[in-house]
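Chain IDs A, B, C and D follow the sequence of writing; residue 1 opens each chain.
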C-alpha cells in the first residue's frame, strides 16, 4: 500500500537528520535564542532580501495561524477567508477560540480570494453591530491546489492597503506554490505583497516547523510574548532553527518542492491522458481527479488517498498529494493502473 | 563556558536520533495516528499499569498545561496553584488567555501545595461573585526542585476527591522527581493519585514532547479536538511517538533522570561541604545554593547559570540545573572551583 | 416623523413604570435575589407549567445569547445558526469572542432551520480537525419575521435529541411569535420543545430585560457564576424582576404582542391591497414590503424605517416594525399614503 | 430589619423615575444614539471640562471593567490591581475570561496602589515568559472605603506615563470619593489624571448605569464595537442617558453622595465615641468597625449588614454601607444601640 494521502507521511529529508546529529550535543540557549535559530532567521532575511522583517519559528500551521491572527487583531476585528480556507474549516475553530470571527468571502472553485469578493464582505459590514473585517487570510497554494499569480497578489495587496486591511498569507505549501508551473511569484516578493506570511516546513520536508515572516512594522511588537502564551515557543527551539538553516543553506527547500510538483505534474498528465477531468485547476502538489467509483475502489487496493467529493452517482473526485519523498516509480505505477483499468473497461 | 542554566541545553539522547533515522522514510498516518504514537501510548499504559487511561503526546509544557486546563474547566472555574507555580508566573498568562483565573494558594518555600492551603482558598471563594476553584495544579518536581512524597500526594488526592476538585500534576521534571533520593512515588501510582498528569520529555532527554495521561473518565472526551484547536497536534506526530517509544522501551527515561539527579547530588554535596547553604530543600536536578557575590562573579567566568534571588547585601542564590547530558567532569570542576575559591578567600 | 424602525423606540408600558414607582424605596437584596425577581421567576414557572426549570433575568438579547451559549458549550463545540441568525450577523462576534464558532446552516428565506439543513452541517463535520456542532440556535420569530409551527419545533427537538444537540431558542420577539396569526405554539410547550429559551422583554414593552428559561438539567449548574462573569448580573436586579412580574401578572405580555401583530397585520393587508408583494413570509411584527424606490423616497418624508435590500433597479424591500406602542392612526396614515401614492401614479 | 448591606438596596432617586415617565412615550433611536444619551454625554463633557473625551454609558461595574480592559489591552498584556481590587476578587474572573491576567500588587490595608508597589511588579516581569503589565487598575473609593488624594493620583499618573502604563480608575463609588471629607480631587481632574475612568451611577442613586470616560486618544477607537460584543449596548440606551442627564442636570449626583457620606460620618463618629476601632481608614460611605461578637449578634436582630473578617476570638469587623437613601433616624438608632449595649455590658 503506497500513500498519496498527504505530504507529511514520511519523516524528514536525510540532510536535516544529519544536521540534527552533528549539532546534537552542543549546548545552546533555549526558546529560540540559540545560534541556529538566529542564523536561520538571518539567512531567511537574506533570501527574502529584507533585513527589516521579523522571523519567528513555530511548530505547525494551525499554531502559526492562531498565534499570528490573535496577535494582529483587536477583539472586535475579524479575519476574512475563502469558504475552503484552512482557518475556516480545518482548524477546529482555533481562530474563534482566540475570540475572532472568520468571515467567509465568496471564492472561485480554486479557493482564491479577489478584491471584488472582499469588497462584498466590506459592503455588508457597515457598523458596530457586526464584526469589523480587518485581516484577509489567503493560502498559497490554496487548499485545493491553486496558486496566486503575482498580479493577483498585487491586486489584493493594493486593495488591502486602500481599505486598511492586513494581508496574511498561509504558506503551508508555499514551496509548492513558488515552484509551480506558470508561477511568477518569488519568495522575495512576499514581504512587499503581504503584511505577514509563513514559509511552511512541515509539508515540504521538515520534521516540524514553519517560519513566520512579519513585514508590517506595527504587527511586530511583542510577538514572542504571543508565542509563549499560545504554547508556541519550544524550549529546544534549535530543532526549528537547524531545520530551516538546512533547508535554505542552498536550494534544498525549492528542490524538494519541485520534486513534489513534478510528481504531481506526471500524475496530472497521465490521468488526463487517460481521459479524466479534475475538480479544480491545481498547479501544485495536490490534484483532484474525478474518477469512476469502480476505478477508485480498485485503486484503493494498492494506494491510500482521500475521497474528496461526490461528483455524480458513478463518479467522485479524489485527492492525490505528492511530496518531496514521493517515489517516481509509484507515480508511474499509479498512472499505469489508471490507464490499464481504462483499457480493461473499454474491452468490457 | 559550560552551562548549568537548564536541562534543555543539549539536543536529545543519541538513541532517539537513531530511532528517528531508522523510521524516517516509512509512510505513516498523520496527527498522532501513526503506529509509533499508538505503540508508545500502549507502552506507557503498560508501564503505568492501567489500560483505561488516555495518553496524548504534545510538544511542550505550556502547551500541555493550557490545553488540558482549558479543556477540563468550565468558563467560571479556576485553577489553584502555588505562587511559584509555572502556570502562575512563567507561561505568559497562557491559562488566563483561555479564560481561566489562576488562584494562588500559600505554599512553603519548596513550592508544594497542601490540603490546608487549598482549604483556605476554598474558604474565601464562597459564591458566584468569585471564580469557583475547581482544579489543583501541582508540579513534581516543583519549580524550585522539591518533590512530593507518596503520603503528600495521597493527602492531596483525598482532599480533592472530597471537595470535587480535579488534581492535575505538571510532570515537566517527573523523571527527576521519581528518581530523586528519598522519593517513594512510582509512575504507576500517578493515575490513581491524580486525575491527569504529564510525563515530561523535553527536560529529560527528548528533543520535544510531553505525554499527557488522563485517568479521570469524565475528562477524556474529545481531547483530540482540544489539541487541534490549540495548535497542539503535530502533522508528523510520529516525532513524538518515536521518542517516547525509545525513552520507555527499557529504562532509558529513568536512567537519564537518575544521571541528572546524581550530578545535582554531587553539586549539592560538594557545595555543602564548602560550607554554603541552599535556598530551598531541593532533592532533584535543580539546586539553589546561596553564595557570596564575589564567588558568583568568579564562577560566571566559566559557567553559565541564572542568579535566582538576592539573599543579603553580599550573597545571592543561584540556580544550577543538571541534565541527562551534564558531564561529571564539569560538575567536579565546578565543585573544585567553589572549594578553591573558599580556600583562597580563607588565606586572604 | 413617525418611526417604524424597530420595536424599542418608546420607553416602557406605563404599568411597568408604576410598578417601579410603587416599589422604589423598599430595601431589597441585590443581584437578582430580591423578592420581585424571585416572585417573577416563580410566576413564569407557573405560566410555563414547569417548576423544575431555572429562570434567570438578563438585560438584553446579545447578553443572553453569549452568556448562555458560552456556558452550555465546551471549547471545541460550535453553535449552528441560519445565515440570518442574530448571533451570526448582528452581535459583533459576541459568540466567537467567547471562543465558539458559529456554523451556518442553509435556511429558507424565512430564516428557519430544518433537520435536513442541520443534518448537512453534521455530515461535513466528521472529525477533530473541525469544530463539533453541538447547539442549534433558532429564533422565534426569526430575524425576518417568520414563526415556527409546533410541528416544526417538534421535529427540530426530536432531531436534536437523536443527535445529542442542544436546542436553544432566541425569543427576543417571542411575544409576537406566540400571538401571530396561525401560530399553534404555546409558552408552556417551550420547555419541552427546547433545552433553553428566552422570553424577550425589551422588544415587547419592557424597559430592559429578557427571561432565560433553562429546562435541560445538565445546563443549569452554576449559571449565576456565568452571569456575573459576563457582566450580566445587575446590582439592582429588582429592575428586571419587577418588570416581568408586571408583564406576566395578567395577560399584559401577550396583549402587548397582540397589539404589535395587529398593527403589522393591518400594514400587511393594506400594502398588499395596494398591490405590493413582500420579501419574506412574515406573520409577525416585522414586515418587508417591496416598494418602488420613488414611493420609498416619499414615505421617508414622513416615516422612519430601514431600507432592507435592493429588489431590482426600481424596487427595494423595506422593513416596517410595529410594537406594543405603535399608534393605529399612524398605521392607517401610512396605508393611506401608500394607496394614495398608487392612485396618483396610476393617474400619471 | 433595616439594611446597611450595600448602597444599592433601594430603587432610584425619585427624580429619575419622573424623568423616565416624562420621556416615556417619545420615540428615540436605539443603542445609545437617542437624544438623551447624546445630551448626557455632552453634559458630562461640560462638567468634566473636556470636549475631547469619549463618553459611553454601560449597565454595571463588572461590565464596564471587562469591556474597557479587554478593549484596551493586547492579548499578552495584564492588568495590575490591589489584592482587594474588585476585578481581582469579586467579578468571577471576568477579566481573565477575556484573556487577561490580573497581577496583584501589594497595597496598604486601605486598598490603594502606589508607584512603589507597581514598580515591584514591573521589576519581576522581565521578559516574554511572563505577562506584560500594561494597565493599572485602581478604585476610588477603594473597595474598603478609602479615597485617593490628588497628589497620590498625580504620582500614579506620572509613574504610569513614564512606564507606558494605562491608568484606569473604577469609579463605582466615585461620588462618595469626590465628596469625602478631606478629598481634594475634582471630577474635572480625572481626565488628566487617568487614561479612562467611570462615573458610577448604580451605587449613587441611579437604577442602573455607569458612564465611562476615555481621555487617552489611542483607547477610543471602535469602543462601540466592544460594547456590542460584550452585550453591553442596551437597545433602549435612553434608560441610561436619561438617568445621567438627571443626575448631572444640577448637583444631584454630588448631593446624593454627600448624604451617603454624611450618614457614614455619623456612624463612624458614633461608633468611635463608643470606643470601637475600625479595620480600615475609610473616609467614605463604607465603614468597617471592629465590634465584639456579642454586640454583632445583637445588632443582627435589627439591622442587616455583612460580617467582614474575624479580628480575634471575640471580635470581628463588620461592613456598614450608607447610601443616598439611608435614613438618618436609622443611623441614629444604630448608634444608640451600639452605645446602649456598651453601657449594659459596662454594668455587667
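Definition applied: a contact is a pair of C-beta atoms (placed from the backbone, for glycine too) under 8 Å apart; a residue touches a chain by one contact, two chains touch by 3 or more.
No experiment lies behind these values; they were computed from the predicted model shown.
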If a chain touches chain B and chain D alike, it appears here: A, C
Selected pair, greater C-beta contact count between A-D and A-B: A-B
Maximum centroid distance from chain C, chain identifier (CA atoms): B
Cα-centroid distance, chain A relative to chain B, in whole angstrom: 34
Distance between the centres, which are taken as Cα means, of chain D and chain A, whole angstrom: 51
Junction residues of chain B, two or more chains touched: 75-76, 91-93, 97-99, 128-129, 131, 225, 228-229, 233
Sites on chain C touched by chain D in the complex: 2-3, 5-6, 8-12, 14, 17, 20-21, 23-30, 59-67, 91-94, 97, 202-203, 207-208, 225, 228-236, 238-239, 325
Chain D - residues contacting chain B, complex: 75-76, 78, 89-93, 96-102, 128-131
Complex contact set, residues of chain A against chain D: 31, 70-71, 74-76, 98-99, 128-129, 131-132, 222, 224-229, 233
